[in-house]
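Take a look at the structures below.
Consider the two complexes below, in which chain A is the common component and chain B and chain C are the respective partners.
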Partner chain A sequence: MTQKIRKWVGNAVYFAIVFLLLMLFLSPFLWMVYCSFKTPIELSKLPVNWLKGLTLDNYNKVFVQQNFFKFIKNSLIVAGGSTIFGLILGLPAAFAIARHSMKKASMLILVSRMMPGITFLLPLYIMFRQIGIVDTYLSLILSHMLTGLPFIIWLMTPFFESIPKDLVEAAIVDGAGSMTAFLRVVLPLSVPGIVTASILSFTFSWNNFMFSIVLATNKTRTVPVAIYNFISYASIDWGGLMAAATVITIPILILAITTQRYVIRGMTAGAVKG
Partner chain B sequence: MKKLCLLIVLVLLLASMTAAIAQDKPFAGQTIRVVLANHAWTDAVAPILSRFEEETGIKVEWESYGEEQLNQKLTTEFIAGKAGIDVFMTRPLQEGANMEMNGWYQDLKDYVSKDAEYDFEDFTEASRSAVTFNGTITAIPLVTEQEILYYRKDILEEKGIAVPTTMEELYAAAEALNDPDNDFYGFVARGQRSPLVTQLSAYIYSYGGDWFDRDTYTATLNTPETLAGIEMYSNLLRNFGPPGVLNMHWAQCIGIFNEKKVALYTDASSLYPNLLDPTKSDVADVTGCAVFPAGPEGSVSYDITAWGLAMYGESENKDAAWEFIRWATSRENSLYIQGEKAQQLARTSVWADPEGIKSFPADWAAAVAGTINAKSYDRPLITAVTEARDIIGGVVVTAIEGGDFEAVADEANAQFQSLLDLEK
Partner chain C sequence: MLSRWIDRHEKWVFTFPSLFFVVIMMVFPLGYTIWNSMTNWTLTAKTPTAFIGFRNYVQMFAEDPRFLQSIVRTFAFTIGSLIFQMIVGVGAGILIDSKEYRGRKILNSILLLPMMATPVAVAMVWLLILEPTTGVANYLLKQIGLPVSKFLSGTNTVIPTFILIDTWEWAPLITLITLAGLASLPHDPFESAKVDGAGPLQVVWHITLPMLVPTISVGALLRFIDCFKTFDIIYTMTTGGPGYASETINIYTYQNAFYYFKFGYASSMLVIFFAIVLGTVLFVTYTRKKLEV
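Right, the complex of A and B next:
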């Protein structure tokens, strides 16, 4: 009996803590979503009148007046492109580093991640302008790879190291070249790691502001830049801002929820081995 | 032979016709890149842009950014050199001195002088001096603003208090209206270190103070006059301000004013739609505006040119760029932008025209028109504006916290002087 009570109390405490933590992390998010449905005048009123002044106007501003579909498309192209190219270059690089223990090369790559991004901004801008790609997706994709690529390499190296050498050697004995062994044997075993690396690289690019503000123009403007359309001199459209913030969080949220199992596995795999 | 003659005549006719068309649209086929700030002025001009494109044949590539992002973007492109920008919006007080020193502005002197119809003299004297650096006209003044007093008509009436016209009256009114037990406060203004500097300026000017002597480049942050202004500002906030005032920028001040928790508020006139527009504010019908209260030197507010329209010094389409600036700031368009879209512009003829002020609330327009004795700057006019604002803001923050701000002011004055010494 006492054991039952103890178990019940334990559960209650457990859920209370979970609930508290959830409230702590979720309340700003829920508040943002709620505010995105309020009229500007109701937003500033205290105490909050929960059911008054609800409107879809803010979303009308986001999708009709500002055409966020275009910005979301731009962001998807840039984040998707930088992730795909990052994987194409990063996976073989990480594999080579893991196979041949190229510590110096990996340190060098890490250095580029340690430098603040703003250091690269001006040189990149000058270079991109000289080859005439400033207001194209390509310049954004390349600049975002600067943060994504080293990350992919660093996350995947320990992952590849954790795959038994024997497997690769067996494939080579069976007549596969090292490229075939990599493609046919190593990659299929590394899916969780690749998914983790992709999601994080995608998110970095999605949220990147500094490169996007300087390298993008109207044609290629991405969502973190576009969200500033709601902030102007001497006036801030809080409702529109909240609606836009909600809209740009959704793709990342969907991505995170659908793939979270992989993320956790990938993280821990890297962590234990690394 | 006859046929040949006819052909020649036809060809000549055609040629003259195309020439006439070309004469009509001398810029046909040209494209200019215009980079602007997210601003109500930008929103007002965007819908009529097609008229300009039709009239001149110039195609306008139009971009707008948040104000700090705009500065970042412009600076990066300009540093890299030969930026493909033709026209841009600029803040003369914030980055004017710096950009002028870097040669990023095209001097517009020749452009404005060769065009009598444009009438540059029509712009207010304060706004013209604001955009002129070392004799260079760096930009055409766009929007102006002054510091004014916002107050709650209903609360003042209820307590039988007249609208404050002097600093003493302001202090007494804030004291009488302050009721922290009921979560109601007498006064609010910016308390955040750097943002507060611009709204502090009218206080120190009205007490006879200033940031520095512009002839000798001597810092004057610790003179009795400047200290008196700082003391009044910080006493109002410390004694009658809402809690957390040190974290307040204008957005927070507006927020608490709209929550009906405060009676008096001094800030920029450009913020009025946030308080007086019934779709944005719950206190729109009970908010009044008045001229900034007078100190020993009278009411000395600022009358600044917050934004100007500039031409990039290395623009490759200077004539087309000027054509755009001329069009956007012409008397005709200014009348439209101010009269219909309620933007506070700098042309005196527009202010004198009843059509030009028809969209403004009456007491707001009166408060702005009553701001006569004003300085054309609300922060020290030097290249290191950001650092200077930080130094000055530090003194006020100490004062609001109740610390020994006079000692801090001496230190700040020395730091500020070393900034000035670099620019002499």
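Right, the complex of A and C next:
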């Protein structure tokens, strides 16, 4: 009997702590979404009157007045572009590094993955200004690849290493060139790794603020910069700000949750093998 | 013909595009920065740019207390964040792992949210929550009878507040790493400890933690470098303020480059910043190799 009670108490304590912990991580998001539906006057009132002052005006402001569609389009172009080019450049490189155990190249990739972005931002800003591409998607795509490309190579190298060497050799003996072997044999086997690399490279670019605030202009402004501009005005419109925050985070969070097996593998890579 | 040529030079054909990118976008800019760091290039200055040797470096360390304070502050923030998120992250991981039940996978989804969400958006939400007069954080503190805090607008509370936000954002990553690490541990040591009559806390302290060290220490070192580079949340929430109370190296360098337009001086800071991070990275790889042996 006492053992039963003790087990029951143990369970209750466990689930209480886990629940509290998860609420701690989840509640800012719930608060963000809730506040995005509140009128400005109701928003500043505490205690909260949960059902009063609900409105869709904030979303109207975000999409109609601020025209967030444009920024979302910009972000999709930059994140998509930097991911695709990152894969085109990175996958063959990771394959060669894995196949030939290129220690120096992999060290170079590791170092470039860790370097603070700002070390490259200033010289790149000067260079881009001189060749006149600050105002284009190209400058943003190239700068976002500074994060994406090293990450893709860093993540894919161990993945390619785990593919049996015999498979590649067999394809080459059968008369396929190494390019064909790579495209026809190695890549199809690496789909899970490529999915992980793509999702995370896309997310890093979508979330990137530092490169974008310096290199993006009116024409190419991405969502994190657009949302920051919301508070640059004299008084903060909290409802609109929360609606904008919701609009830019929810797609990325849905992406993360629906592909969580891949995302977790990518985020914990390095510390956890396999 | 072409295919044969590719085969013969496969190593370099496959890596050339990436290496070219790294050289043009990273190695060359770095050299350019080192060159700039020895000039007094200021975009707004009327005098022409001149080569001044190591003058910027002397100024940085001997005449610029704001720079030295930003270094100290960066380390305080980094170490504080690291300690907090390791304790919370590993603790939560071990706790969650202590029971098996259906639906535990849902926890992983929630843990993923803070680190995947756009940092600027997250920063805006925390700005609203922590607003000293109208924010819900102080309201809740009052409700349970605790003193209110100025959070981001107090010179003494701003860094601790950032430590809490960074912990909220990244402790879940440590938890996920811990959970993955725990899943790969062998069962035998735990069984024999149970047979020997060890309590749950003894097991955690003497068996679980030591076996987790290789995993979580790599996680900690990766987090160390990222904390050190923290920019988005600090820049968007306080821009280094109030006063300079939350100005880290990253923020101060950014201000010198893109607010004061002192390209030369900012470049010399970048060189120092780069050297500190490079040193840490080399240390990380060295320790990793040692741990893996």
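Operating definition for what follows: the second predicted complex is superposed on the first by the 233 of 274 C-alpha atoms of A that agree within 3 Å, B and C clash if a C-alpha of one lies under 4 Å from a C-alpha of the other, contacts with A are read in each partner's own complex, and residues count from 1 in each chain.
Operating definition for what follows: a residue touches a chain if its C-beta (ideal position, glycine included) is under 8 Å from a C-beta of that chain, and two chains touch if they have at least 3 such contacts.
What you see is a predicted model; the values in this text were computed from it and never measured.
Aligning the two structures on chain A places chain B and chain C in a clash.
In the superposition on chain A, A:Ile126 makes contact with both chain B and chain C. Contacts of A:Tyr228 after superposition: both chain B and chain C are touched. After overlaying the two complexes on the shared chain, residue contacts for A:Leu76 are found with neither chain B nor chain C. After overlaying the two complexes on the shared chain, residue contacts for A:Leu26 are found with chain C alone; chain B is out of touch.
Looking at the shared chain after the overlay, A:Leu187 reaches neither chain B nor chain C. Once the two complexes are overlaid on the shared chain, A:Val214 sits against chain B and chain C alike.
Of the two partner chains placed by the overlay, chain B and chain C both lie in contact with A:Ser44. When the two complexes are superposed, the chain touching more residues of chain A, out of chain B and chain C, is C. In the superposition on chain A, A:Ser112 contacts chain C only, with no contact to chain B.
Among the listed stretches 243-251, 279-287, 333-341 or 351-359 of chain B, only 243-251 clashes with chain C once the two complexes are superposed. When the two complexes are superposed on chain A, the residues of chain A that touch both chain B and chain C are 44, 46, 121-122, 125-126, 214, 228, 231. Chain contact summary for the complex, chain C toward chain A: residues 3-4, 6-7, 10-15, 17-19, 21-22, 25-26, 28-30, 32-33, 36, 92, 95-96, 98-99, 107-122, 124-129, 134, 136, 139, 168, 172-173, 176-177, 180-181, 184, 215-216, 218-219, 222, 225, 228-229, 231-232, 235-236, 250, 253-254, 257-258, 263, 266-267, 270, 273-274, 277-278, 280-281, 284-285. Within the complex formed with chain A, the residues of chain B that make contact are 37-40, 42-43, 61-67, 69, 72-73, 76-77, 79-80, 250-251, 255, 258-259, 268, 270-271, 273-274, 278-282, 306-307. Against chain B, in their complex, chain A makes its touches with residues 39-41, 44-46, 121-122, 125-126, 129, 213-214, 217-218, 225, 228-229, 231-236. Partner chain C is touched in their complex by these residues of chain A: 11, 14, 17-18, 21-22, 24-26, 28-29, 31-32, 35, 44, 46-48, 88-90, 92-93, 95-97, 99-100, 102, 105, 107-112, 114-127, 142-143, 145-146, 149-150, 153, 172, 177-180, 182, 203, 206-207, 209-210, 214, 223-224, 227-228, 230-231, 238, 241-242, 244-246, 248-249, 252-253, 256-257, 260, 263-264, 267-268, 270-274.
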